[in-house]
Amino acid sequence: MLVAAMLYSVTIGRYDVSLHEVVSILWSNLVPGSDAQHSQIAQTVVEKVRLPRILAAVLIGFGLAISGAALQGLFRNPLVDPGIIGVTAGAGFGGTLAILLGVSGYGLLAIAFGFGIASVVVVKFLATVGGRTSLLMLVLAGVVVSAFFAAAISIAKLLADPFQKLPAITYWLMGSIASNNYGDVLLLAVAVAPSALVIYLLRYQINIMSLGEERARALGTPIATVRWTILLASAFISAGVVATSGIIGWVGLVMPHVARTFVGADHRRVLPATGLIGAIYLLLVDDIARTATTAEIPLGIITALIGVPVFALILRRLHSHGGWRGD
Amino acid sequence: QVEFKDHRGKEIVLDAPPQKVVTIVRSGPILYRAVDGSADHIAAVNQSFFKRDYVAGLYGELLPELGTLTPTAAIEGFVPNIEAILEIAPDAVIQWASEGAEPLERVGLNVIIWDCCTAEQRRDYVTLTGHLTGKEAHAKAILDLQDASAATMRETFAAMPDADKVSALYIDQFGDQIRIIANGSLDLSLSGVTNPAADDTGQWWQTIDLEQLFAWNPDMILIPPYAHDLTPASFYGNALLADLDAVKNRRVYKIPAFAGSPDAPEIFLSSPWLAAVAHGADTVPQLRGEIHDAYAAIYGIDLGAAQMDSVLYMDQNAASDGYSAIFR
Amino acid sequence: MIEVEGLVVSRGGRRVIEGCDFVVPKGGILAVLGANGVGKTTLLMTLIGVHRPDAGRCTVGGRTGYVPQLYDVAFSYTAMDIALMGRARHVGLFGAPRQRDYAVVRRFFALMGIADLEERTFNTLSGGQRQLVMIAQALASECEVLILDEPCAALDYKNQRIVIDLLDRLSREHDLTVVFTTHAPQHAVEIASDVLLMYPSAPPLGGARADVLNAANLSALYGVPIGRADFVGREAYTYAPLYGHAGDTAR
Amino acid sequence: MIEVEGLVVSRGGRRVIEGCDFVVPKGGILAVLGANGVGKTTLLMTLIGVHRPDAGRCTVGGRTGYVPQLYDVAFSYTAMDIALMGRARHVGLFGAPRQRDYAVVRRFFALMGIADLEERTFNTLSGGQRQLVMIAQALASECEVLILDEPCAALDYKNQRIVIDLLDRLSREHDLTVVFTTHAPQHAVEIASDVLLMYPSAPPLGGARADVLNAANLSALYGVPIGRADFVGREAYTYAPLYGHAGDTAR
Amino acid sequence: MLVAAMLYSVTIGRYDVSLHEVVSILWSNLVPGSDAQHSQIAQTVVEKVRLPRILAAVLIGFGLAISGAALQGLFRNPLVDPGIIGVTAGAGFGGTLAILLGVSGYGLLAIAFGFGIASVVVVKFLATVGGRTSLLMLVLAGVVVSAFFAAAISIAKLLADPFQKLPAITYWLMGSIASNNYGDVLLLAVAVAPSALVIYLLRYQINIMSLGEERARALGTPIATVRWTILLASAFISAGVVATSGIIGWVGLVMPHVARTFVGADHRRVLPATGLIGAIYLLLVDDIARTATTAEIPLGIITALIGVPVFALILRRLHSHGGWRGD
C-alpha cells in the first residue's frame, strides 16, 4: 500500500509528467542505455525533484510516528510527542541560527542536527538529580528546554532581516520538504532508518517500560539502557527531520493514537502500524502540498488542516479508547 | 502652521513643522529624508529600519546621516516603546494604521497614521510628509517626476498585445526554499512584462517548488536588490536549472538598487529599467541620465559614474544577455 | 537461596526495618507475617533491589520474579500481553516473544485455570483475575526466586488453593525459592518451610515454621487472641471473633 | 435500604449478572460472596450507579458511600486530604472543608486506630493503611448506605476486627445499611444479616444469613470442600487444606 | 509581597520617575486637590502607561497560573496547560484574522475572544461521543483543535502583506502587554477575576476530580458540572489573555509545578499559591522587558528565557516531586 502510494505520488505534481514518461524514466535508470521516451525536463523533475521529496516524506512520516508511539509508551502519557525531549526546538534553533549566519546546505544540517542532539544532553543533565532520573523530571526538563529554545528562536527572528532571513526562517520552521535533495534524503535515511529499527527492536521492552519503572525493573529489564536508547533514537529521528525539513508537528503526536484504534496497545503491532500510517499520511499530505496550489503550502500547515477532520472522524468513529485505559 | 488630514481622516494641527519627529513606519525615514531634504528632524526610528539597505552599502555612502538615527522608537515590529518616546517628547509620531494610534495618543502625542499598501497610499506618504514638513513643493515635484515617467511608459506599452509581453518571475530566495514575488506593487504593464505567478490572492510572496518553476518556465528571472545572496551567476551555475529558458538565454537580472523598497520615492525607476531589459534599450533611451536626474531631484545627490554602476549592479549583471550593452 | 543479614531499611526518613536476619535455602518457602504497615512490602522491595538498604547485607541468589500487591496499567494490554512480559529475561533486549514464550505462559495459564482469560483486556479483569495473571507473569519468567506480596489477598478459596499448591509444587519439584507475605497464617501453615514474624518496634523473629508458628506468637504478633483449631486432622489458626465483648473505644 | 429486582448487567458485551433479586432493609448488612470474576464488583458498581443495568430495577435509598477494591492517586495528597474528600456532599460545590469536617474525619481515624497517619502522604502508606484510609473516607461521608469492595482484603487480623466491628456498630446504632463483598465467609458469619451467594452461570442465591450460610452452600459456591468448625463457642468456616491429596491437573 | 512588587514595578522603566514622584502621583489620585510634587509627564507615564501594564501583568500571570493548575488537576496530567482546550489557538486565530481584516481595538478583542470561546465549544462537541466525554478524548480534541487553528494562523500569515500586517500579527502573537490600556485591563479583569474566583471556589472539587472520574462520581460530586465549569472558566481566562495580550505560554504550564514544590498537592493551597507566583513572575518579567534593552522584547520570549534557569534550579533543588506521584 505504501509502495502504491509512492508510485502514484511520483506521477502527480505541478509539472505534467505522464505515467508513461514516469515509467520510462524509472526504467532508464534500471536499464542503462534503454532509449528514452521522455523529455529532459521530465527526467529532472521526476529524478531530482519528486523522488527525493517522496522518499523524504515517507522517511519523516515513518520516523516521527514510530518515535511518537515509543515515547508515549515510555512516558505513559498520551500527550507526549517527539518534541517532548527538547530536540525539535533545539534543532529548530540550530537551523534558525544557521540561516541567520547565512549557512545553508550541509552546514545548516550539521548545526541543526548538533543542536538537536545537544538539547537532549541538556535535558538529561537537568533531569538527573543524584544519579536518578524520574519521568516527570524528564518531561519537565524537556518542556523547559523546548521553551528556552523556542524563545531563542524568537530572538533570532527579531534579529533577522525582515525581507530575506526572517521569512526564510519562518518558512523553514513551518516544515517543508519541497527542496529536499538526495543529500537531505541520505541524512534522513541515516537518522531515521537505524533509529526506527532500534525502536522497533525494542518493541517488547517498550511494552514492559509502559508498565512503569518499578515493574520493569522487577521484570529484569535494563531500564536505563532501554530508556536512553529510545530517547536517543527519537532524538536522532527528530534532529534529522528538523535539520532537513523543519518542524513538522502533529504526526508524531496523533498517528500513534490512530494506530492504536486499529491494532490495540501492544507495541509489537503499534510500532509498525503507526510507522506505516505516518508514512502514508505524510506522503498524501505532501502530494496535496505539491499539487493543490501553485504556491507550496508548508507541510506543517496542511498536515494539521487535513489531519484534523480525518483524525476527529477516526476518533469519534472508533470511540473505544484505542489502547489507552479509558478514564 | 501645519494642517492636514492623515490616512484615518484625522485633522492634524501643529504650530510649525515639527522639530522632532519619531517614525515607527519602517520607510518613514527615507521618505522624510527625501521630502524634508535632511534627516535633522528625525528624532527616533524603529530598529527594523536599520535592517533595510538604506544604512549600508551604496545608500550608506549616499545618505550617511540615516545610519546614525536613534533606534529607540519601537519594539520590534511597530509597537511603540512608549516610555522611550515620551522621554524624547517628539512633536509628531508617524505610525502604521494597522498598529493604530494607541497608546501614543493616550499619552497626548500627535500621531500621524499612514495606511498601507495601495499605490495610491504610497503616493500619499510623499504628500503627507510634504504637509508635515512644510516642503509641499518638493513633495509635489517628486510626485510629478513619478507621474511623468509613468505616463511615458504607458504611452510606449499600453498598446502592446499580450503575446508580445515578456514573462518575468521575481525570485528573491533560491536555496532551501524558492520564494517568488507573486503580487508585487509594481505595475508591470508599464514595462510590457507579465508575472506568471500573479493571481488574485494579493499574496505578496509565495514559496514554490522546482516543478512549478519548470511549469512556468519564465522568459526572464528578476532578483530584487535586497536578495544579497543571489546573483545571476548563481542561476547560471546551477545544473538543475540548465533547461529553463531564462537560464539558457541568460536572462536573469539583478534589479538595481533603487527598487529596495516599494515605498521609496525612486522606485518608479524600476519600470523603465524593466522595459529596457525586457524589450531592449531602444524602448527607453537615456536611462542612465534619467536615473541620475531622479536621484538629484529627490535627494539632491549627484551620482558619479561608479556609483551609477553600483546602482545598476553592472558587475553582477555582466554575465546576462546584453546588459552591459543596454546600460553603457 | 536468600541471605539477609543485619538489614536496616528506611522509607521517607523513618526506619521501617531494623536489624533483620534470615536465610532461605534453595527450594525453601518463607512466609512473612506481620501487622499492616510493619514493613513486609518494604522487605520484599528491598529483596528485589527497588529499595536500597541503609545497612546490612541482602543477597538473593538467582533470577527473581516479583508479584506486586496492587496493580494497574495505563494501556489496554491483553492478559497474554501482560503475562508475556514476564519473559523479559529470556527474550533479550532486541527480541520479541516467540512460540516458546507463548507456550510457557499458556502452560501457567492452564495450571491456574485462567486459560480463557488469555485474550481479555487486562484492565477489564476482576481483581482476583488480575492477581492470577500477575502471578502467571512472574511464574512465566522461570525465575529461581519468586517473591509475592499478598498473592492470595484478592483470591477466592479455590484460587488460593491453586496458587498455594502451585508454589508448593514448584518449590519441591523445581527447587523454586519462594518468599511471600500474607495476612492468613493458614497459608504459612500449609506450605511454608520458614516463617518470619515482623514486629513494629523490634527485630523480626525468623525460623523454621514449626518453631515459630504457634498460637502464642501469632496472638502477640497481631495483638488479638489467635487460637489453634484442629480441622480435618490438620492444624488451623483462626482468630477469636470477640466483637461485642472487647472494650473498643466508644463512638 | 436497597431493593434490587431482576437485575441484568453486562460488561464488555458479556452478561455478568443475570436476574439478581434481593432486599436489604435499613440498617441491614449484606455480605456478597462468590468466586473470582463472578460479578461481585460489578454488582456494587451498579448499586452506586457507575454501570447501567441492561434490565431490572435497582433502588438505593439514601446517600451512598463506596470503598473501592484497588486504589491509587496521581497526586501526593495526605491521608487527611484523601479522607476529607469523603465530605464532598456536605461541603457544597463552592465550599471547602471546615473544622467540623476535619473533626468528623479525625473521629473515624481515631476509631480505626490510624490517627498517626493523618499527615502522611497517601501514596507512601502500606496497602493495609491505604485501605483503612479509604474506609475512613467513605465513613466520613456520613452516608446512609455504605458499599465496600473486599474491605478487609489487605488488612491484618486486628484491623479486620476493627473494621468489621465498626460496620456492625454503625449498622446497629446508626441504622447504616451496609453491603460488602468478601472472600472470607467468616466476616459474613460475624456481622451479616443477609447473604448473597453469586454463581457464575446461575442467578444468585440471597436470603437471611442463617438460611443461606452453611457448609454445603459454601462448598458448592467455591467448588472446594468447606467445613464448619466450632471455635471459642462460635461457628467458623474454613476450607479443607487438601493439597497433596486432591487430583490437581498434573504439571 | 505582590503589592510591594507592584509598587516597585511602577517606579522602574525607560522614563525615570522617582519613588517619591510615584507616591505623589498615586496620592493625588486618592486625595484630589493635594498639591502635585511631580511633573505632568511623570504622571502620564505612571498613570497611562505603567499602571495599566502592571495590572495586566498581574491579572494575566494570576489567571494563567491558576487555570493551568486547575486543568492539570482535572486532567491528572502534568503536561496540561491552559492551551490544551484549544482556546489559546482559537483566540490567537481570531486576533490574527482581526488584524488581517484591519480590525483593531475593541473589534479585535471581541473577535479574538469569540473565537477562543467558540473553539472550546468545538472541542466539547468533538469530545462528546454518545453523551459521554472521556478525558482522553477531551485532551485529544483540544490538541486537534489547537493544531487546526495554529495551521489557520499560519495561512493567515502567508496571506498577510509583509510590510505592515505580517509584523503586526507576528508581534501580537508573541505576546505583549506593552500597549495595554485600561480598556484591555478591564476586559482582562472581567475575564480573569470571576473565572479565577470560580476556579478557586472549586478548589476542593478539583481535589476530588483529581482522584479520577469514577471515584469522584462515587463521592457524589456533580462531575459534569465541575468539569465544564472549570473548562469554561479557563477558556474565559485564556481567551481574555490572548485577546488583550497575545499568546503567553509557559506560565500556565510551569507555575503550578513550582507552586506544588512549595505547598504540596492540595489544590486548596496550590491554587492561591500558583496564582500569586504566576502574578509576581509575570510582573518581574515585564519589568525586565520594559527596562532591559532599548527595544522592548516580547513577553513571550522573556518569560521563557528567564523562567528556564529559575525553574530548572527550583526543580533540581526541591527534587521531591512536588505534589505529583513520582514515578
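First chain written, first letter: the chains are A, B, C, D and E, and each begins at residue 1.
In the analysis below, contacts are C-beta pairs under 8 Å (C-beta built on N, C-alpha and C of every residue); 3 or more make two chains touch, one makes a residue touch a chain.
For clarity, every value in this text was computed on a predicted model and none was experimentally measured.
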Chains touching both subunit A and subunit C: none
Most remote chain, CA-based centroid, reference being subunit D: B
Distance from subunit D to subunit C - Cα centre to Cα centre, in angstrom: 24
Approximate Å spacing (C-alpha centroids) for the pair subunit C, subunit E: 51
Whole-Å separation of chain centres (CA-atom averages), subunit B against subunit E: 40
Sites on subunit C at which at least two other chains make contact: none
Numbers and ranges of subunit A residues touching at least 2 other chains: 158, 162-163, 167, 212, 214, 295, 298, 321, 324
Residues within subunit B bordering two or more other chains: 48, 76, 203, 205
Each pair of chains that touches, named by its two labels: A-B, A-C, A-E, B-E, C-D, D-E
List of subunit B residues in touch with subunit E within their complex: 26, 47-48, 71-72, 74-84, 86-87, 89, 96-100, 102-103, 106-108, 116-117, 201-205, 262-263
Complex contacts: residues of subunit A adjacent to subunit B: 13-16, 40-41, 44-45, 48-50, 53, 99, 102, 104-105, 108, 158, 161-164, 167-168, 171-172, 176, 178-179, 290, 294-296, 298
Sites on subunit C touched by subunit D in the complex: 11-12, 34-37, 40-41, 69-72, 110-111, 121, 124-129, 132, 149-150, 153-162, 164-165, 168-169, 173, 183, 186, 189-191, 222-224, 226-227, 229, 231-232, 234, 236, 238-244, 248-249, 251
Of all residues in subunit E, those that touch subunit A in their complex: 77-80, 126, 129-130, 134-137, 139-141, 143-145, 147-148, 150-152, 154-155, 157-158, 162, 167, 170, 174, 212-214, 249-250, 253-254, 257, 297-298, 300-305, 307-308, 311-312, 315-316, 319, 321, 324, 326-327
Complex contact set, residues of subunit E against subunit D: 73, 76, 198, 201-205, 207-208, 210-212, 214-215, 217-222, 225-226, 264-266, 268, 321, 323-325
